[in-house]
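Encoded as structure tokens, the structure appears first; notes follow it.
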Amino acid sequence: MQFQLPLFPEQASKVAGQVDAFYLFLVLITTFFSLLIAVLILFFIVKYRQSPDRKAVQIHGSTLLEIVWTVIPLGISMVIFIWGAVLYYHIENPPNNSLEIYGVAKQWMWKFQHPGGQREINSLHVPIGRPVKVTLISQDVIHDFFVPAFRVKQDVLPNRYVYSWFTPTKPGTYHLFCSQYCGTNHSAMIGEVVVMQPEDYAEWLASGKAEGSLASQGEKLFQEFSCTTCHRPDSGARGPNLQGLYGRPVRLTDNRVVVADDNYIRESILSPNAKVVAGFQPIMPTFQGVVSEEGLIQITEYIKHMSQQESEPINNRSTPTEIRDNEVPTIQQELQQQGNTRPANPPEKKK
Amino acid sequence: MSTAVTTVTPVMPAKHYLNDNYGIRSWLLTKDHKRIAILYLVSITFFFFIGGLFAALIRMELLTPQGDLFQSDTYNKLFSMHGINMVFFFLVPSIPATLGNFVLPIMLGARDLAFPKINLLSWYIYIAGALFSLATMVSGGVDTGWTFYTPLSSGFLRTHVVLIAVGVIMAGFSSIFTGLNFIVTVHRMRAPGLTWGRLPLFVWSNYATSLIMVLATPVLAITLTLLALERGFHIGIFDPKLGGDPVLFQHMFWFYSHPAVYIMILPGMGVISELVTCFSRKRVFGYAFVAFSSIAIAVFGFLVWAHHMFVAGVSQYSAMVFSLLSFAVAIPSAVKVFNWTATMYKGSISLETPMLYALGFIGLFTVGGLTGIMLAALGLDVQVHDTYFVIAHFHYVMVGGMVTAYLGGLHFWWPKITGRMYPEAPAKLAALITFIGFNLTFFPQFILGYLGMPRRYHAYPPEFQVLNVLSSAGASVLAVGFLLPAIYFMWSLKYGAIAGDNPWRATGLEWQTTSPPPTHNFHEVPVVTTEPYAYGDEPEVTIVH
Amino acid sequence: MAEQSHPTPKLYAIIFITLSILTCATWAIAFADLGIFNPIVAVTIAVIKAVLVILFFMHVRYSSRLTKITVSAGFFWLMILITLSLSDYLSRTLRVVP
Amino acid sequence: MSTSQTTTTEHHPALAHQFDSMAQQQEASTFGMWVFLLTEIMMFGGLFTAYLIYRIKYYDGFVAGSTSISVSWGFANTLVLIASSFTMAMAVWAGEKGIRKAQMGFLIGTMILGAAFLCIKGEEYYTKYDECHIPGRVIGKGFDATGGCSAQDPKLGNIAEEVQQHAKELGKTVPEASALQTARQSEIFFSFYFLMTGLHAFHMLVGMGLLSWLFLRSKRGEFGPAYHTPLELGGLYWHFVDIVWIFLFPLLYLISRHAHAV
């Protein structure tokens, strides 16, 4: 055949097959009802064609029928809702052991950073067979991270981290589209996702020129901005100790409890007084306009890294095989424990 | 009831609203709802063809994968202006402001709408908004897309966003005034005996539409005002740099724009109810259910807006709530489709042009509605959101639904409006061409969408070309289908056969007055004694044109 | 409904005085520390005042059912806008438990 | 049956052709006004929704902004507006009774109170203009030497100072860095303050126009027991504007007042 006329995009992620199955189910329902209506209409047109010797039979309606065709669609749509919601839940929530990659979108390009510090533009290399979580942020307008072959899509917002995750299953090169209109060259904001065998990926990572891992770059910034002056582990520190902070619930001055996730860390760097940890003074200046998006990602990655065992050396995380399988307790578990133990980041001193 | 066959030769009434008064002033200062309907008809037709022209250029560009016909900036302006003109200046006013304005008071047995001056004012506001839109086009266009998403529109684009925002706000106020007028008229101006249970379904659906216009449009007005202020003064409400939340704009925008898609389909549903009963010569099946489903759609339509935002960064919990509610709004639509189909059962069906459009509507709306269900299903929406699947879906509803219903209604009431018949043969041909062209244009886009072609793409990867070429080919067929009626309607103004009061032998008060009606609609106040659609009781009359 | 009896000047005066007292109350209470009840009390008083104005100054108490439904519809739809929008904002930071 | 053909006997000059009776016309007009007010509720509603979201998000900034505006003026204005609602209600009453003098007197009274409200509002606006709190960097006379608000964050200064001042009164200290951040967040408060009170003041201006027109018609003796619909509609509009303010006052002026000195 000269032209290929595919009906499905390639299935290159674990979830793709599930989405396709759901899609087929819905196509089937759509076809069934459309045909039902079409056939009925055509049948009626022929059967009840106007003719001089027959008059229309006046029927007022039937409550029973109305109930039937209210309840049946309602039932079907509830099935669709539940199936769709479960699938969505699955698509939206990455597992804890994902390989974490960071993406920054800007008009009109994609910039990705691997944990080992390798950067790429408009292309994203990922290994086959393990969940990949891409943390995304935009530098300007709203973009959208869309890989049809993976059946994932996520609007990339300015000023807030969002996530997209997938488990690639098939080596190859796939389209990465920006599917939220973002200005003049919106349609040129196309990248590619290259799915590789793990060993090829490791080789590719090794060939990339990285100025140290993300975390170590973050550490450098951490020193540069003199963050250590206040954020120290000792008791005289003026800022909370960041060791072991990431992913834990934090009690704030107003007694609220928030989880120290990427967005919390980002917010605390840019507007530090918004959510001050209980027991500390709001003395930190803002770093708005001082740190770049990439820098924020690196610092976050460094803080994440500090959460791990002291013994684990920082530069060790350049290869994906060594990504921790972190077992962060859920907020519920943490809150349960609060009766007897303090939150993970207990304020050591008062005032 | 006697069934004696009488033969009548229709004549034009000596005095009617068209020859009551002459001259440009008598039109521009008219307070007659029928003349205002015609003013609207002319204006929205103008915008329909402008919007159509943009669509044609878009489809031309998409014939090839490289963006070679236009610059990407130009292309972005084309689809933006296509969307803005079609949505705010054609679809929203289409049926309510023209057919609704014309027949709704007559259907109620009223001499006019409750507030004729406000009705005229609403047309002038529309025209003022339209001038802003034209000014925007002339001064280089706007490239926000019809959704105006921030922060792109508020802080990044260099085009005339404020100008078009003002235009859209004005168009919005014009529809608020139309809606207000309809609501009050339906409540307060019904003829003696015309109880709520006897209202024609077209009135019910326009009433439901008016509720949405009145309750949703103000939110759009304030949202676009905030957008304009954000651009002018950097007030920081949508600008993330100043601490604002761009997603809030989407919430507020869709609070209007999702109900607005029901503004754009409910009146069409009302038209179809009239057409199906008339050309099946049958009472509508389940009157109360069809009537209340309109209200249900209007109310539920307000609860589902964030299904446009499943991947926009809303919380997963609220995404689930909005998805669940979205299915609720699908049910009344399904009820309507089933009832129309059941109405045809054991009817006496004749396939005049309006009926052809009505049948086309039912088929296309069914596909459009069911694909809407697919979009409301969370897991699938992730894949098809912001792709050509969405484009195909809403064109099935907006064009396959609303435009088809509008054309059907226009053919149906054309004899009432002008007193003359349109030519039947070319009209049937046009209906057929529209149906075929429409499906050829938009069906391939469903597949394109699932394959992953994002919307608003000026250039696209080459593997999408075959489907795009098909779609563009369909668009050229569709264009013929839309141009034909413009030609023969004009022709019929002079040469069409005299229609007579009731060429379709339809029920409804509008058919009991002359065609065209006198300025005050009725020579004596009608009294309603029967339920609507009392087909079967009417005397057989053969009309010889 | 023009024939229906509207309030007398005396009733208007009573409403006016009540409204003034409530205004003073909301002003005074604002300076007392009631914790999270401060905004709640303030808004409750505002609602009471608004209802008084609607019922008496705007004659809704003496109007048709249609008017009453119209007024309620306005506030009902406003509640839809507010609650459903907030449903997103307030649940965004909730963490999904795996 | 909703229409009646009974009362067409005496044809009032104000009866429009599309209506059968004055009663029907009055009902339709009043209902129309209510539907219009419905749209007004939704329009202000959009702003209220946005306000609530940001109030939750930037609570400290909203507290700081709210504390910096004059609660006394806000309180005074609430009383003024309630009084004007009272005089308006009385004007409508006088209209129904057909007492021309009272109509005119109460309308004038309402206008004076409306003007007083706008003057107070103007005074408040001027203060904020002076302190560079008008949203954006363009309008206002600043603290900086050049006399404008265009320099780097001049407007943050006074809020930051106030935040520190209030903290001191409560025996706490707020470092400058933190106060500056609060001040920055308070800018969103001021955006809402000007948007909401601005839209409200715009409605007041429209209302003043309506009142003058009603006054002229009342002077001509057009309103009496048979026909006073315009007066009633004007009243509905005016009371609605009052209701908006009844909500604006606690929402804008009374955020966490208890934590601060007057």
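Letters A, B, C and D mark the chains in the order given here, with residues in each chain numbered from 1 onward.
Here, a residue touches a chain if its C-beta (ideal position, glycine included) is under 8 Å from a C-beta of that chain, and two chains touch if they have at least 3 such contacts.
These numbers come from a predicted model, not from an experiment.
Judged by contacting C-beta pairs, the busier of the interfaces C-D and B-C is C-D. Among the remaining chains, A is positioned farthest from subunit C, on the basis of C-alpha centroids. Computed centre separation for the pair subunit C/subunit D is 15 angstrom, with centres defined by C-alpha atoms. A separation of 36 Å divides the Cα centre of subunit B from that of subunit D. Work out the mean CA point of subunit A and of subunit C, and you get 41 Å between them. Residue positions 187, 215, 219, 243, 248, 252, 255, 316 of subunit B each touch two or more of the other chains.
Residue positions of subunit C touching 2 or more other chains: 66, 73, 77, 81, 85, 89, 96. Looking at subunit D, residues 27, 31, 35, 38, 41-42, 45-46, 49, 53, 57-58, 184-185 sit in touch with two or more other chains.
Touching subunit B in their complex are the following residues of subunit D: 1-5, 16-19, 24, 27-28, 31-32, 35-36, 38-47, 49-50, 53-54, 57-58, 134-139, 184-185, 187-188, 191-192, 195. Against subunit D, the residues of subunit A that register as touching in their complex are 271-274, 281-286. By the touch criterion stated above, subunit A contacts subunit B in their complex at residues 3-9, 18-19, 22-23, 26-27, 29-30, 33-34, 37-38, 40-41, 44-45, 48-51, 54-62, 65-66, 69-70, 73-74, 77-78, 80-81, 83-93, 107, 140-142, 144, 146, 148-149, 151-155, 157-160, 162, 175, 177-188, 190, 271. Of all residues in subunit B, only 187, 215, 219, 248, 251-252, 255, 302-303, 305-306, 314-318, 321-322 touch subunit C in the complex they form.
Against subunit A, in their complex, subunit B makes its touches with residues 67, 72-73, 76, 143, 145, 147, 149, 151-152, 155-157, 240-241, 243, 246-247, 280-289, 310-313, 316, 319-320, 323-324, 327, 330-331, 334-335, 337-339, 341-342, 344-351, 359, 362-363, 366-367, 370-371, 373-374, 376-383, 385-387, 447, 450-452, 454-461, 463, 466-467, 535-536.
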